[in-house]
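Next come two complexes, and both contain chain A; in the first it sits with chain B, in the second with chain C.
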Partner chain A sequence: MTELLQTLVLGLLLGGVYALAASGLTLIFGVMRVINIAHGAFLIVGAFVTYWLWDSFGIDPLLAIVFTTPIVFAIGWLTYKVVVSPVRTAPMASTVLLTFGLALVLEGAMGEIWGNNSTAVRPSYTDESFTIGGLFLPKAQVYGGLIAVVVLTLLWVLLTKTWLGRAIRAAATNPASAELVGIKVAAVAALVFGIGIAAAGAGGAITAVLYPFVPGSHYAWIARLLAIVVLGGLGSLNGAVLGALLFGLAETMTSAYVSPAWATAVPYAIVFAVLLLRPQGILGMRLREDAVPA
Partner chain B sequence: MSYFSRRRRLSAVALTSALAFGLAACGGDDSDGGGGGGGGGDSDDPIRIGTSLPLTGEFSQPGQAAEQGYQIWKNMVNENGGLLGRDVELVVKDDASNQNTIVADYNALIGQDKVDLLLGTFSSLLNLPASAVAEKAKMVYVEPAGGSPEMFSRGFKFLFFSQQATADRQGLVFADWVANLPEDERPKTAAYPTLDDPFAAPVVEGAREALEAAGVETVYEETYAIDTKNFDTIVSAIKNADPDLVFHGAQFEDGIGMTRAMLKAGLKPEMFFQTNAPSFGDQFSEGVGEENTEGVFFAVSHHPDAETPGNAEFVQAYEEEYGGMPPEDAADAYAAGQVLQAAVEAVGSIEDQQALADWLRENEVETILGPLSWDENGAPTGEFLIGQWQGGEAQIVLPEDAATAEIKRDWTPGGAG
Partner chain C sequence: MSVPKPIWVGRALVLAAAVLLLVFPQVSDDLYYQNMIILSLVFAIGASGLSIISGFAGYISLGQGAFIGLGGYTIGVLATRMPETSVWVWVPVAGVVAAVVALVLGFVSLRSRGPAFVIITVAFLFLVQVIAVNWVSLTNGTAGLTLPLPQWDFEIGNQPFYYVLLGLLALQLLMTWWIRRTKLGMGLIAIREDETKAATIGISLPTHKIIAFMASAIFVGMAGAVYGYYLTFIDPRGMFSILLSVQLILSMLIGGKATLWGPVLGAFLIEWLNETANNDWGGGNTRLFLFGGLLVAVVIFLPQGILPAVESGLAWLRTRGKAGLVGARIGTGGSLASLTDRVQLVDRSTIPDRAVLEVKGLHKAFGGVKAVDDASFAVPEGSITGLIGPNGSGKTTIFNLIDDTIRADAGEIWLDGKRIDGLAPWERAHRGLGRTFQITRLFREMTVLENVVAVQRRFSVAQLGKVAVSGAEAKAAEELLEFVGMRAFRDQKARALSYGQQKLVELAQILMLDPKVILLDEPAGGINPVLIDRMGEMIRELNSYGKTFLIVEHNMPFVLGLCDPVHVLARGRTMASGTPDEIQRDPAVIDAYLGEDFELDYRDEHKVGQ
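Now for the complex of A and B:
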């Protein structure tokens, strides 16, 4: 029983971080229909910025999110203005190629700036855990999970309770009509891209504390994040959160009860299964264009 | 008639173009060589040695260290009058830790860059396909890493591994030492978490067999995939098995990840052996925290203080060029250069790759890792050194005649014990 509880808790903590990292990816897709292959690379940028703040100024890496997020937001917004906006309405294949290229450029740039060495951020609580009734809860994971919940809640409030959120949802649902009621879809898109990237950056700050990383770590991340948003339903924030939690649980449960050798494969098997039964993902909406081939 | 003449005209065009391109190419090749020959001759041109290394991607850590080792070897050869009186030039490509890219890279080195000699890459994963390309082209392939037994079961005749032993023997010196501990000090149980990797897995397999034969019960044995980031669940399972000894088959990042997860979960076995990661010096102590390194065992091929011929010069050159102590992978790469150099100088030519391979199979080469020699399949016939972290530094503790410090039994992370 303890083992099961332990596995569940570890799975949920892992899923929380995945959720934060995946939220931006699904948001960007929802508004722009851009599959941002560079999302994992931006996450690693967040991790390196965190390392830099921690290493140079001694700022606690998790508190540093206050700085990391705006920095990464600025990088994301600028990237959108310069690189992505010209192809915003281009076919999806072009944006996939473009963002893949962007990921490679970011990887190279990070290698130039911070080096291709394995980097680890180790605040004082790195190796410590809370113990509750025989369960161990790694402190860094718990703090990271809590921050993920806070950031995701803020994101949810922003999307559902504010005028900006309404504008974003309007632009996502029907860009042409949104323009008609006075929403500048292009400006909204830039903001959403920035916000989405900032969420990845916040996720990166947390993962920096949890795992060592190199610029090339983004490949493993983008594979997971894409699977998560597809599982939850492309474009759905709630779906991304649900998908991330399921993914995290599948990983830890497989590791504990099947074999660690399958831990990174089984979540993808679940994605396949879900896609066979429910191609739009768990919380994804079936669109008219999905049902009727053009 | 018109058909005939058109055909002749076409062939003329084709021939002219071929000549034009051919001459242009020759011009490029022989601008200072004095005509004829077509590259690779006995001129004063530099000897070009090609390699492709994982400078980026998952193995960027060892890949960059290997590049440093090769560069230092090249510099030292050139400062001492070159190889056969000719300067050495390195052609280094980046395979991004990708098995497909490395095949393309070595094909390009041989086919397009037309390098004179090859040097190997890093990790068994990448050396497996790369060495097959070299074997097909019948070019000597000295690899600084890639000790998986799989490498040498293919009957290759141009492959040579420039470390002391293959991976399956890496943990044996340690296992023998454990087996010979007094009854009350010998661990009773052991756990074997292993990365699914052609290098890490055989190390663990070899050590586990030896330890089981010595009566150490196996209480946990699992393999995890290369993209595993989260080790908490694995560690939780090991903790339930409560082993006296954890013998971990790792590369670099997963070694750090596992050690950190063990500390978080409060899994502190009496003894802790880990492959690869602890041999990375500062990178390891920064990754897991210096206070947690005390007593960690690892197998290693090189130590900066070893009294092997040329080692002091290598360590000094490394320090001047890159700062700090040379990582093991830089030393291994340097040794690979030494092996190739020894063969070329003994044979006296770079034309006959078969002669180079035959010479290596029959002779012993002095390197900074100590003397190396090879069996029929290019597998080395020596034994590894066993290292241990003590007082924030990596020391050699086994075998006794190479030891730089006394061996200690226990892992005491955080000073807490």
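Now for the complex of A and C:
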């Protein structure tokens, strides 16, 4: 019973981190209809930036989020301006290829800068745990999960309670009309891309403390993130959170009770099954691709 | 300055390249280049196969590399189990295995399109890789498989691999070339251009896609087998690397997708870059930079690829300064009977008095909006029936329900005495239903002639193999284009036509279906008065050959002058039916649609009843 409860709590904490990492992917899709395959790579960029801050300046990796997030935001904003904005109106399949190419470039760049060896961020509390009522909870996971929830809440407030959030939603619903009422859609899009990427970077900062990583880890991450947003419904922030919690639970359950060798197949199987059986996911809208541009 | 016809320059270049490839191993023993050519051949086959589904049918796949891996694993697994059998025997088997697995992707493509499909293909590739890693008893897991070494003379070297791959490439190209010329290929391109529309002109989507996916994998699986044999060692990491797929897709995009030679050119270019990056630029990360950067650059700067870019450049040189067809007059056409012996006048008294098309209790709701709410009406055989009603009354939605562009929530649709509301759009087309769209939906990247020959009157596998672009099919299409007055435009891309011209071509297109019932959605909308008259003439003439029409139109003089009976739709249901005279006297219709002053104006203009 305790073991199950522990698995549940750890699964939910992990789900919080996943939710943060996936929120940007679903936000970018919702606003600009771009499936950012490079999202996992940006997450690993966040992890490496965290490593750099911790290793070179001795900043606590979880507190370093304060620095990591703006740095990754800048990288995302710049990336949008340089490569994504020229193809905003291209067919979605083209932008999938484009962002996939971007992921490869980022992988290569990280390999050049930080090397392809396994990197780990190990602050003093890495091996410490809380023991609460018989539950054995690693400190890093608890801190990471809580920070993820805080950042995610800030993001939610930004999107629902501020003028910028309304502008973003207006630009997502009808770019032409948004432009007419004075919203600079191009600027909003760049901002959204940056924010989405920054969320991935924040997620990367937390996961850096939880798992060792290499530049090539982004494949596994994009598979997870896609599985999460596809499960919750592409474009839906609430869906991504729900999908992330489910996925975090499923993953902890699988590695606890089933063979971890086949666990790597889980995200791919989920993507496959959901896109075939219920393409709109749990909370998502159905993509209309049958309509012809008039 | 005269520019040589590009087709001859192209042929000469291809011939030269083919001869060079054939003799290369005989005149040079440079193993570095031989190896590079062998790998290029593998990728050329893979990219050319990919072009069938991604170039023709428009389904972008990042899982194509999996078929090379599957081919390699088929030969690896079988050759290590049965060492006494010749390894070459397993090459065709690998092709079959790849084609069968490709069926899975084919079925996936029936349910998912666009970016969702791309994502699924990536998931597919990684799933196959995970299986190859974990099914240790079959694949030996991450430790990989070592194939038996070739038994032939050391002197011969790698020549058997080289020539077998060259032969496979020839077969692959022959197949790609053949598909492009047939009804099958036209159907695939139609699917790429507008899948929903393709279904309404009789193109069976599942058949086309499944054949295409199998065709895209069969020779690739064989090439993968030879590749595995050549490498002598295979493991999941190498054989199912996503970079292999990236290399294939890059080859196809850079050379020019949907072209015959583009993927081959691309494969040789990319493999040369790949080797150079590995040997001279430090490999590893540089390779990632190169492939990723190229992918980004191609999507932004060269979406159409090298060969199409060169081709359009040459076309510009050739036609520079010469008048194009823009502004050319639309032909006056002739009577269809004078153009072809496939139609003849029908004696009206022989037409049975029955409904050829009937809808009963049709319902369709979009969320809370009841677009069609219990609509019922009949279209008598041999009639020109009108369907009128205010904007938003559900006319176009009813058309969409009849041809299954949208599936009805409830209700029955009967065509020619048989119920068709369970059938797919192409099956309805085969049973004699033709439909034009309010906003014309031609296949924009196809020529006018191709648009018409893409139509499939009935379904048979044999028909798919018919050559579409010449012969009987093309002749019939040209007769119809002559009839609508658009023959002079036959080689123009559909996207270059004006809206009115597109309407005429779309009419010719659905006439190619030889339908019993023709649904026209606003045939007189947005075209000039002369053309409106011509449209009316053509409808009457076709009607005299026994074609039945159902017409949605807002141009009241046009409808009331042409149609009998007329059904009036309001709020998604039929509110009145009758002759044009009865309809325009009906107070309910005047109230809901025509307006108080309609009768007066209409009578003044047309002297009705005097």
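The rule is short, and it goes like this: the second predicted complex is superposed on the first by the 263 of 294 C-alpha atoms of A that agree within 3 Å, B and C clash if a C-alpha of one lies under 4 Å from a C-alpha of the other, contacts with A are read in each partner's own complex, and residues count from 1 in each chain.
Heads up, the rule we're going with is that a contact is a pair of C-beta atoms (placed from the backbone, for glycine too) under 8 Å apart; a residue touches a chain by one contact, two chains touch by 3 or more.
On a predicted model such as this, the values are computed, not experimentally measured, just so you know.
When the two complexes are overlaid on their common chain A, residue A:M92 makes contact with chain C while staying clear of chain B.
Using the contact criterion defined above for the overlaid structures, shared-chain residue A:P212 touches chain B, although it does not reach chain C. Look at A:T7: by the touch rule set out above, it reaches chain B but stays clear of chain C.
When the two complexes are overlaid on their common chain A, residue A:G111 makes contact with chain B and with chain C alike. Of the two partner chains, chain B is the only one touched by A:E128; chain C is not. In the superposition on chain A, A:F272 makes contact with chain C only, while chain B stays out of contact range. In the overlay built on the shared chain, the residue A:T264 is in contact with chain B and with chain C. When the two structures are aligned on the shared chain, A:T252 is found in touch with chain B, with no touch to chain C. Once chain A of one complex is fitted onto chain A of the other, the partner contacts of A:A120 are limited to chain B, with no touch recorded for chain C.
Of the residues of chain A, those at positions 107-108, 111, 116, 219, 223, 261-262, 264-265 touch chain B in one of the two structures and chain C in the other.
The part of chain A that touches chain B in the complex is made up of residues 3, 6-7, 10-11, 14, 107-108, 111, 116-118, 120, 122, 126-129, 131, 136, 138-141, 210-212, 214-216, 219-220, 223, 251-252, 255-256, 259-265.
Every residue of chain A that touches chain C in the complex is listed here, in rising order: 35, 83, 86-87, 90-98, 100-109, 111-112, 116, 219, 223, 226, 230, 261-262, 264-265, 267-269, 271-272, 275-276, 279, 287, 289-290, 292, 294. Per the touch definition, chain B reaches chain A in the complex via residues 55-58, 60-61, 63-64, 96-97, 193, 196, 222-225, 227-230, 232-234, 236-237, 240, 252-253, 256-257, 260-261, 263-266, 283, 286-287, 289, 292, 414. The part of chain C that touches chain A in the complex is made up of residues 60, 62, 108, 111-120, 122-124, 126-127, 130-131, 133-134, 194-197, 242-243, 246, 249, 253, 284-289, 291-296, 299-300, 303, 405, 439, 441.
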